[in-house]
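Heads up, the next two complexes both have subunit A, just with different partners, subunit B and then subunit C.
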Partner chain A sequence: MSLGRLAIKRSLQGVGVIWGVITVVFALRFVTPGSVINAVAPLDASQETRQAIAAELGLDQPIYVQYVQYLADLVQGNMGYSYVKGLEVTQMVFQRVPATVELAVAATVVAIVLSIPLGVLSATRRNSPVDYGATLFSLGGISTPNFWLGVMLILLFAVQFDVFQTSGRGVTSVAVVTSLVGPEPFVATLLEWLSYITLPAIALGTYFVALITRLTRSGMLDELGKSYVRAARAKGAPESLVRYKHALRNTLIPVITVLGLQLGTLIGGAVITEAVFAWPGLGTLVIQSINLRDWPALQGSLIVIGTAFVIVNIVVDIIYGYLDPRVVYD
Partner chain B sequence: MISPRVIRNLKKQFRSSLLPKVGLLLVIGVIIVAVFAPLVAPHNPTTQNLDRTELPPLGFTKTVNDTSAQMVDGEVETVTEVTTVNATLSYPLGTDGLGRDMLSRVIYGARTSLLVGVLGTTLAVLVGVPVGLIAGYSGETVDDVLMRLADVSLAFPSLVLAVALIGLWGRATVSIPDPFVAAGVASGMPPSTTLPITVVIVVGLVNWVWFARVARGEALSLRKQEYVKAARALGASDIRIIGRHVLPNAMTPIIVLGTVQIAAIILLESALSFLGFSGTTLSWGFDISQGQDYVSSGQWWIATMPGIAIMLSVIGINLVGDWLRDALDPDIEGEGGT
Partner chain C sequence: MSQEEREGVDRRTLLKAVGGAAATVSVAGCGGSQTESTETATQTGTETDTTEVDEDTGTPDEGDESTFEVGATLGQMDSGLDPHDHAETPTNIIVSQVYEGLMGRDKEGGIVAKLATEWERVESGTVRFTLRDGVTFHDGDPVTSEDVRYSIRRVETEEVGGALPQDGDLAGGKTLENVEAGDGEVTVTFGGLNPIVFSLFATNGQVMQQSWVESNENSFINRNTNGTGPFQVTDYQSGTSVSYERYEDYWGEPAAAEGATITASSESATRVNQLIAGETDIVTNVPPQEISRVEGSEATSVDPVPSTRIIFLQMRYDVEPFSSQQFRQAMNYAVDVQSIIDNVLQGFGEITGQPTLSQFTGHNPEVDPYGHDPERAEQLVEESGHAGVDITLQAPIGRYLKDVEIAQTAANQIDSLSNVNCELQQREFNSLVQDVTASNIEDRPRFNLLGWGNAEFDAAQTIGPLLTSDGPLTILKNDEVDALIEEAQGDSDPDAREQTLQECNQVLHDLAPWVFLHQQFSVYGTSNDVEWQPRPDELIDLWTASPN
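And then the complex of A and B:
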């Protein structure tokens, strides 16, 4: 099977899973205690008014008609209407997506930049103080709840030293980029952006720093013990080439897969990190929608989160197939 | 399932490193504290004492600025009096904003965490393992359908799905009478433990899929084994083959995964109660959310202490998990963290 066919096969499977995600989210409508009508109708509405509202919203139709209608609406990019907020759900959700993506990407960058060198160092200097330090750190990192870490970071860097912001988003990363060419001063914009995103990115990223450090260390140790490494050394290849070109490259393949699989943890972590730092992303929207019993907004957020997860995993699979051609021939 | 070789490996791994010993010590410590909470806790964790609010933990002091206004010669004068509050031995970890003992709250929090962790994992095993065994053993269409279902379930992050389900189902709790209080050996302690039952069900339901995947993988490889074929040739029913031959051989990875999942569920429970999606207020996550409000005014210990408790118990369970994994060496994955 070629890489192209793998891509097509995985994409088709992905469409099936996304359809499943949508169906589950649609089904949530029927396990909801308060119906949509209660949220729309005035408290003293008569039975006739309520029926009229139900008819207007299509709630008097049989379930399969509602289901087909829901799918048809979604295909057209219509995720319904939030009666609580008086806004289109599509608009509400996609307004929040950039903030969450920004936070998740920042956390991933923090994780990759710190963890891979740390893991390599730990593996190449086995049983050194660096190795013990890295092992202890990764053990602590995967065992620390990120919301608590967030509170501790606020305590240390915002309350004690007053260097970072603890709430909200400030400027967007887009604003930082446009300030390069626009009239805004670049350095000031960048610093403002950093003052908001640094603490949440660390709080969210630490778990992944710990996890990837662990994986990189054990992967490197595995690879460095293999015969191709011995062969490369025997023919006189420089140690740096052996370590970074050969061993590290092979180590990174499983690391990428785990990163893809852990995307759920990343998004779940973003939800609670956003809650700690009042970051205006999808996570705060999910919690707010539940507290306000805003089911259409909750359904929309869940569909977007589920779909994003499926798509990223397909991309990870294809990258994996590219990096490790053996997978493609399975 | 537990062969002499396994026990030998466990012992060897245990002796070879310090980490399994630390892990086992932490886990046993948490279990003892959780089980015997009414006997270990110095105070009732829910008793408020407004004369003793926000006491610092041992080794720390706190300064309080008391500003009072006085009339001096017809003018209003404000007098600021700085007093130092010392820690007391009776409240070694300090008290919270309502004067409740932090140490006792941390001790009782262990009960909630451990109960939810163990019961939630049990539920996940009871749902996930049969589904996985059936999928792996049957293969083909049944396997395809069940595993696509698992994919859909995986597409929602645990925390997001849990929050959504609790939002829909409410925050039901069950009161479990405390045997020590009932027996009269722990007077003055809460007469019952509040178990957030919705949380247990939800964390079990969002984590079943990891067990299903592991059980399926094992069943898939085991059904091609000679002894399974032999059992089938002898006319054993599918249920008997799965129960007698496949399940016992799939136990090792399930046990290892179960250990790691208890840690993951403890983290998930703390996240849920931090967000206010639990039903009990005696929980580490809940206390951290309470403590967050005091962080900016310098009362750091209210949010700090429960977090240290979570970290130590999760480190302990993870170390035990690593030990089991190294000794039994199954190849598994799982979603962790919050």
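And then the complex of A and C:
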């Protein structure tokens, strides 16, 4: 199957998955106890006021009518109108996407920066104290809940040592880039950006550091034991060339796949980290929407998260096939 | 070159690039020692602080000392910036910096003049407001009596504003008959006497510009503002933050702060961290377990203030065993409210014995709380004929300060009576509210914990909706209470009305439709760099904050 056909096939499957997500999320509204009217009307609102609000929001329509209307709006790029906020959901959700993507990418960078060297060191110095240390670190990283780690990082580095900001986003990465050409001082803007993003990125990325360290270690050990490595060594290639040009490069193929998939997880799975750091991304919007019973905003957020996950998976599938010609898709 | 060959080269190139990037970051990762990263981070914090001030003021360092900006962190952000289209405190806090009504309230809850300088009752159902001269909206246009007329009608008339949640907040149970805009005055006529009309106008009915509202979509009005208040919005990030700057043409005393920012964090620990780290000046809802951290910091303090919210356990009058007045009184004797305040709330609460708080019109100072007397409770249960009964207390999770712990303690204390078994059922708030607001009393919970905020500082605003036969949330039908409230609501003499409401509170104490618990305190954490006093109505008036 060519890459083009593969992309089309995966995209069609993705549309099916996204439709399923939409349907499940829409149905959840009707099986969850409590009414959206209670989020809008004051407690002592009369039944007449409640009915009037329900009629104005279209909630007095049969479920299937609401569902069909919602799908029709969605196809036109309209995610509806937030009952609670009085805003267009599309606007609310896409306003949050950059913050979530920024945090996910930053966490991935943290994971790459720490895990690959650690994995390589661990593999090349097998059964040494470095290897044991890296294994211990990996175990700790996988076992540590990121919300707890986030709170500890805040208490230590933001409250106790006053090095980073406790929470919030401050400047955006776009502002950092534009400061290169704009009037704002680049270094100051960059440092301010780092002061906000470092702790949440570490908190979110630590789990993946641990995961990818283990993956890199096992991959490297596997590659270093293969015959092409022996052949390279036999012909007198320098050890650094053997390790980093040959073994590491081949190890990176599964690592890149996992990183890509984790990026999708990070986009949808940063809810708790975002709450701890008051990071204004999709995760915070999800929490707010649940608390406020803001179903349109919740639906919009989950659809975007689900869609991002599906897209990342498709892209990773395609890249994997592109990187490794041995992979054959039926 | 064949297609295959080109793919091969491209793949190699890509792999090389990825490998190169990974190697680069690897080297960077290996090379960067912990010390180095800490140093960088230290510089980050310092640079950030300096840069922030410079950017905000737009002035060199020497100008920093003259700049005062204030920040507040709430538990939750607003539900849009339309001042009429919401019914909760966070939005009220955020829009109150920008919008004002004809009247307002001071720190103690007393009524003060805002956009009206005088107000009078010209007839039983008619009131007149004299408007302040020289008030402008933030876009520079003057406030007209037509704008005031429109704003009142927008709140009260569905044809003007749609089905807004504040419907009825100015009319107080009457219908709005007419609003007449005159020269510098507005006359409002209701379909009958509205005895607390000025109290209602002091809390609700922010003035908006008619042309601005009519020319914009709802979604625009929820993201932008055009009020008359001491601050105007400069940046609005829905659900994240609102930034303000001082409105220089404000009619009253200008705010001391040149700018203000309100953000939110649902995590109380995060709010406290922000305060201690000096990133914000005021944080709301400091829970008891965080009090010591705030008090332990040299830079911050705890500022508690009695709120306008009363917490209680309501008992439905029409079902056994709560249909028995003796049983209801027994429940009041069974619960040790003072112990709950001391141990669960660390002293941040005030015991109550009637539905009306001590700061409100109609509070009866002669009524004492029931007090804790388990033996008397057991005796009353016996006399009620319900000894051995099983009851279930339903309580919301996380809606009110320490609600779960309060409910657990109360349920345990009731259960410890020898002749009553009490279980606790914790419920998600929205789900509980669904039942509490059911249209038929038969569908409402029999025994549940609830809180009630009353920003109008008037007994009738609590008793009316919760304890009269026609109240939308009532769990009681009692002719005497109904008659007293009806009498109070038809009485234009404030002294006589106060007496009637006091009498009603005595009756309700004796009837015991609730286990009277406590007045909730709002507990703020504040920076010692800022002089600001909290208010009972839960608003945060940032325009009164000044440097300390």
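Definition applied: the second predicted complex is superposed on the first by the 285 of 330 C-alpha atoms of A that agree within 3 Å, B and C clash if a C-alpha of one lies under 4 Å from a C-alpha of the other, contacts with A are read in each partner's own complex, and residues count from 1 in each chain.
Here is the rule we use: a residue touches a chain if its C-beta (ideal position, glycine included) is under 8 Å from a C-beta of that chain, and two chains touch if they have at least 3 such contacts.
Quantities reported herein were computed from a predicted structural model and do not represent experimental measurements.
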item	value
First, second, both or neither for A:V101, with subunit B first and subunit C second	neither
Comparing the two partners subunit B and subunit C, which touches a greater set of residues in subunit A	C
Partner chain in contact with A:I287 - subunit B first, subunit C second, else both or neither	both
Touched partner set for A:V109, first subunit B, second subunit C, both or neither	second
Contacts of A:I154 with subunit B and subunit C, given as first, second, both or neither	both
Which of subunit B and subunit C A:L59 touches, first, second, both or neither	neither
Which superposed partner A:V21 touches (first subunit B, second subunit C, both, neither)	first
Partner chain in contact with A:L87 - subunit B first, subunit C second, else both or neither	second
Partner chain in contact with A:I142 - subunit B first, subunit C second, else both or neither	first
Partner chain in contact with A:A7 - subunit B first, subunit C second, else both or neither	neither
Subunit B and subunit C contact sites that coincide on subunit A, given as residue numbers	33, 151, 154-155, 159, 275-276, 287, 291
Subunit B to subunit A touching residues, read off their complex	148-149, 151-152, 154-160, 163-164, 167-170, 263, 267, 270-271, 274-275, 285, 288, 291-292, 295-296, 298, 300, 303-304, 306-307, 310-311, 314-315, 318-319, 333, 335-338
Touching residues on subunit A, where the partner in the complex is subunit B	13, 16-18, 20-21, 24, 28, 31-33, 139-140, 142-149, 151-152, 154-155, 159, 207, 211, 258, 261-262, 264-269, 271-272, 275-276, 283, 286-287, 290-291, 298, 302, 305-307, 309-310
Subunit C-touching residues of subunit A, taken from the complex the two chains share	33-35, 38-47, 49-50, 52-53, 55-56, 81, 84-88, 91-92, 95-96, 109, 112-114, 116-118, 120-121, 151, 154-155, 157-159, 161-170, 184-185, 187-189, 191-192, 194-195, 198, 244-245, 248-249, 252, 256, 275-278, 280, 284-285, 287-288, 291-293, 322-323, 325
Footprint of subunit A on subunit C - complex, ascending	7-8, 11, 14-15, 18-19, 22-23, 25-30, 38, 40-45, 47-48, 50-52, 55, 76-80, 82, 85, 87, 158, 162-163, 165-168, 218-219, 221-223, 237-241, 263-267, 269-270, 273-274, 276-279, 428-431, 433-434, 436-437, 439, 452, 465-466, 471-473
